[in-house]
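Common to both upcoming complexes is chain A, partnered first by chain B, then by chain C.
Our next item is the complex of A and B:
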């Protein structure tokens, strides 16, 4: 039993990895793909194709809209049918490029073979340029553009690259499956990022409820020539995969309030991102695919799936390929049950960071009736950031933004441990998230004055 | 009598007298000179401290009004013209009259016409709901129905109608302070001129989706067809982003747009007579026929 984990807080939900045995299947292309321009954190991408244009798979169809932004590529070959607002997962309008699929004809210069390329290019800038050109973003959830993260601001130095294979969210198995099936590619991707950061120590952190992945990684590492990469089994505890929690577990360092991981010399990347980096640099293949888990507690075992999808596939299409919404499903969630978002619009298109379609039954999703706070302090005990959620909620209700800022509301990682542990079913996180938005407004206004 | 008791009373009374004198002299010596008009104005104001005027409260309003050189930036929406008349008399400035305003909810998507497509289970707050997603109906612009505006109102002028799921403004109580306008995350509430005898005409929708999408989400939505713009003979209606807007300053309350609107997104309130749809349509048809005939005549000449 591994005892390596973060120091405070955390909860232990049932991990329910029901689809862990399902090998990754490739989804057939639908007739129409809708590619969102807001696939990443930061400014939305700007379309550079026009209606009626013929596009090929992997062709750039949108440019970054700012410094923190990313390229978007066509997920199939066909004709651009429209560029117009379409409702996303939450039902809000986002510009989408609609592509009528005619085939899967790739652009030139992409290595489509399965051969493993293990030679690491010497040129650091070449690797970074390829990552940027291929539109790679962090696939752990936040979809932060990877080339920005791998290029720390002058004056900060990376000391450790942490590969996040914790997958602490219950139900999700997409990372687990790629760690089993694309083990060597992930390690080469890690070696590439290691090179960019200056041959730093590299740790692949995996929660110990995935012993097969730990075993596979260790075996592959022994067969590959890279130095300074190790596998570290971690204790199963949510939110182990949180950036700051993982840094604490692996490096025993705490990122200061308001600081970035690079301030303690850490760079954290998801294993799926590592795979995308491998494909971008070694194969020149842009990020247009990702693995998504179709699972849930009301789905029979034989209907659980791990799919390799193309970005832009509507969720409703994947749901129909997987056999429709199962009986007894009360809530559809995209992402894990702890941090994922309810699917308000099943016609929404998948994006680079889509990780699951989760069907939850009525009993496991319905919140209890809210009652009074009994000051039991469970939320404070569960908070992995050492905050006091009950206090933050009260300050928000009182509208005291100064006190909220003083109580470090901006440090909240929105993991949902407080909500999970509250016996009075108080929507703590809902209010804290709002408080964060309002305090952020105050901070921005103050910075603008300076 | 017990001498202890006498001494106690005498000492305490003496002590009280001395301290009262000390306090009196300190108060006289360090007196803060305040413009007496500030207190006068404050007494005139409603004293609700709602902040509807844009100042932190009634005292702040009075303080700033005294310092200002005219009253163009000062208007108490709660007291209205009556109170401002008194304030301008105190200060001797020219009175800046403003048409009385009222809060208008620009969403018309009742439970009956705007079907719920999902079930919201989060915190009962419009702000929280709006931050999470577009809402439990197909319309991403409409009322979320959690009542942030009702909670924001300090005058008890707003209430939720359980039948429609929409907030209702009490015309007697609303003072147009604007708190609800700020509270609504969908910016559905607008302060509009109250109109003669309360009569006003407005587009009760904020949906900027294209016609079919808007119509699918809500039967009462403005679909941006532009019929109202063509109908209006006073140039009061503009159409932007598939959404019509009526400029109150130009509106002559003829109700023609309301009669012609195919979805019923345009609302007229407080009119003495119910809307005579057929009569108005006939009138418009006659006018159009006349216009065509005139045009022909011009061409023939």
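Our next item is the complex of A and C:
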């Protein structure tokens, strides 16, 4: 039993990894793909193709729209049918490039073989350029452009690269499957990022409910020539895979409020990102695929899947390939049950960071009727940031923004532990999210004045 | 299809399930009281629980005109605790008045569950103690289902301290008292039964141990210091831990969510305050016990404690 975990708060939901035994299957291409220009955190990408253009798989179709932005590549070969706003998962109108799929003709210069390339290029800049050119972004949830994260501002020095294989969200198994099936590629990706950061200590953190992944990683590490990479089994506790929590668990350091992980010498990358880095640098293969889990507690075992999807596939397409919405599903979620987003618009297209389609039954997802706070303190005990959700909610009701800021509402990582543990079903996170938006606005306005 | 923000799952713990756990935890001590005090204790328990539930239901329905909150089972907990805090000879109409004060005055006037400053059951008990001292200090032992004829009657162990002196009183308390201590409030016969319930609450993660441990430690340390200085005047730690509702109060009354601090260190301070006050009342006050007063007094300090003590926040000094 690993005791290594973060120090404050956390909850222990049933991990429900129902699809852990399902090997990754490749989804067939649909007739039409809708490629969002907001695949990543930061500025949306700018389309560089025009309606009617013929594109090939892996061809650049949009370029970064700012410093924090990323290239977007065509997920298939075909014709650009339209470039127009379309509703994304959150319901926002985002420019999408619609591609009528005609085949899967890749651009030249991409190594499509399965041969493992283990030689690490000596040129740090070459690695970074490849990562940027291939549009790699963080696949752990935030989709922050990876080349920016791997290139810390002058004055800050990376001391530890943490590979996030915690996959602490219940149900999700996509990271688990790639850790089993693409083990060596992930390690080569880690070695590449290690090289970029200056041969730093590299730790692959994996929750101990995935012993097969820990085993596979250790075995592969022994067979590969890299130094300074270790596997660290972590205690199963949510949100173990939260960036700040993982840093606390691995390095015993805390990122100051408002600070970046690099301020304590940490760079955290998801294992899926590491795989994307491998494919980008060693194979020159742009990021147009990712693995997505189709799972849920109202889905029979034989209908659970881990799919390799192309970006731009509408969720509804994947749902229909997987046999439709199962009987008894009351809520569809994209992402994990703790932090994912309820699917209101199943026609939304998948993006680089899509991780799951989760069907939850009525009984497991229905919120109870809100009642009075009984001051049990469970929300405060559960909060991994050490906040007091009961207090924040009261301050928000009173409209006291100064007190909200003093009580660190802006540090909330929206992990959902407070509402998950509230016996009175008070929608704590709903209120805190609103409060956070307002307080962040005040902070930004104050900083702008300075 | 449901569309709502995250999280999409819940720990499936509710106020009702927590209260049910408290009721289960109280069962060993309640069963022991039934065995030793028989039908009269069962009647007290029935009247107390029924009064609390009916009063809360009536007040929410006819006065507050809100949906009933009796489904959360907290009124039942109050009823059980009140009955456990009364002598087994208490007249039933007195029990009803206690329930009225507990629910109508201490709980519902403040807005119901979660809003009250004072622990309802203790408020009810203290009201009865100062209003009906004769009934509340009649420690005659009624007939039970199992033999209790060897019990003292007339005064509790604590009540005998002024009569016998601390040295003699200390001798009356031994290992046996831990299992069975006849003569006192109905709920405190068996320290073992109470602690079994407390451990159940800890295992079920309903409460944390810090408040209770802080009270035990404070009582033990203060009693040890005074007892060492003058054993003829001051009773010792074991005597003070095993008598006068310290265990019942520390395990089930001081740990009431609503009227105790939210943070760990706040709880420790709160427990220290209770332990300190109860020992001062016992050694220097005119009441023989003092646990109820200590808890009520510290209930008042909870808002202040909560302002001062917070969780440690991530990434902040």
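As a working rule, the second predicted complex is superposed on the first by the 450 of 450 C-alpha atoms of A that agree within 3 Å, B and C clash if a C-alpha of one lies under 4 Å from a C-alpha of the other, contacts with A are read in each partner's own complex, and residues count from 1 in each chain.
What we mean here is this: a contact is a pair of C-beta atoms (placed from the backbone, for glycine too) under 8 Å apart; a residue touches a chain by one contact, two chains touch by 3 or more.
Just so you know, these numbers come straight off a predicted model, no measurement behind them.
Applying the touch criterion given at the start, work out whether A:437 contacts chain B, chain C, both or neither, answering first, second, both or neither.
The first partner, chain B, only.
By the touch definition at the top of the document, which applies to A:342: first (chain B), second (chain C), both, or neither?
After superposition on chain A, A:342 lies in contact with both partners, chain B and chain C.
Quick check on the superposed pair: does A:204 touch chain B, chain C, both, or neither? Answer first, second, both or neither.
In the superposition, A:204 contacts neither chain B nor chain C.
Based on the superposed arrangement, let me know which partner A:383 touches: chain B (first), chain C (second), both, or neither?
second
So, does A:93 touch the first partner chain B, the second partner chain C, both, or neither?
First partner only.
Tell me which touches more residues of chain A here: chain C or chain B.
C
First (chain B), second (chain C), both or neither: which does A:364 touch?
In the superposition, A:364 contacts chain C only.
Could you tell me which stretches of chain A are touched by chain B in one complex and by chain C in the other?
In the superposed arrangement, which is not itself an observed complex, chain A uses residues 341-342, 344, 365-367, 430, 433 for both chain B and chain C.
Would you pull the chain A residues touching chain B in the complex into a rising list?
It comes out as residues 87, 89-93, 341-342, 344-345, 365-367, 427, 430-431, 433-434, 437.
Touching chain A in the complex: which residues of chain C?
Chain C reaches chain A through residues 1-11, 13-15, 17-18, 69, 72, 74, 111-115, 257-258, 260, 262-263, 310-316.
Note which residues of chain B are touching chain A in the complex, please.
Counting only chain B, the residues touching chain A are 118, 121-123, 125, 127-128, 131-135, 138, 140, 209.
Which residues, counting only chain A, touch chain C once they are in their complex?
8, 11, 13, 170, 244, 248, 254-257, 259, 329-333, 337-344, 358, 360, 362, 364-368, 371-378, 380, 383-388, 390, 408, 411, 414, 416-417, 419-421, 423-425, 429-430, 433
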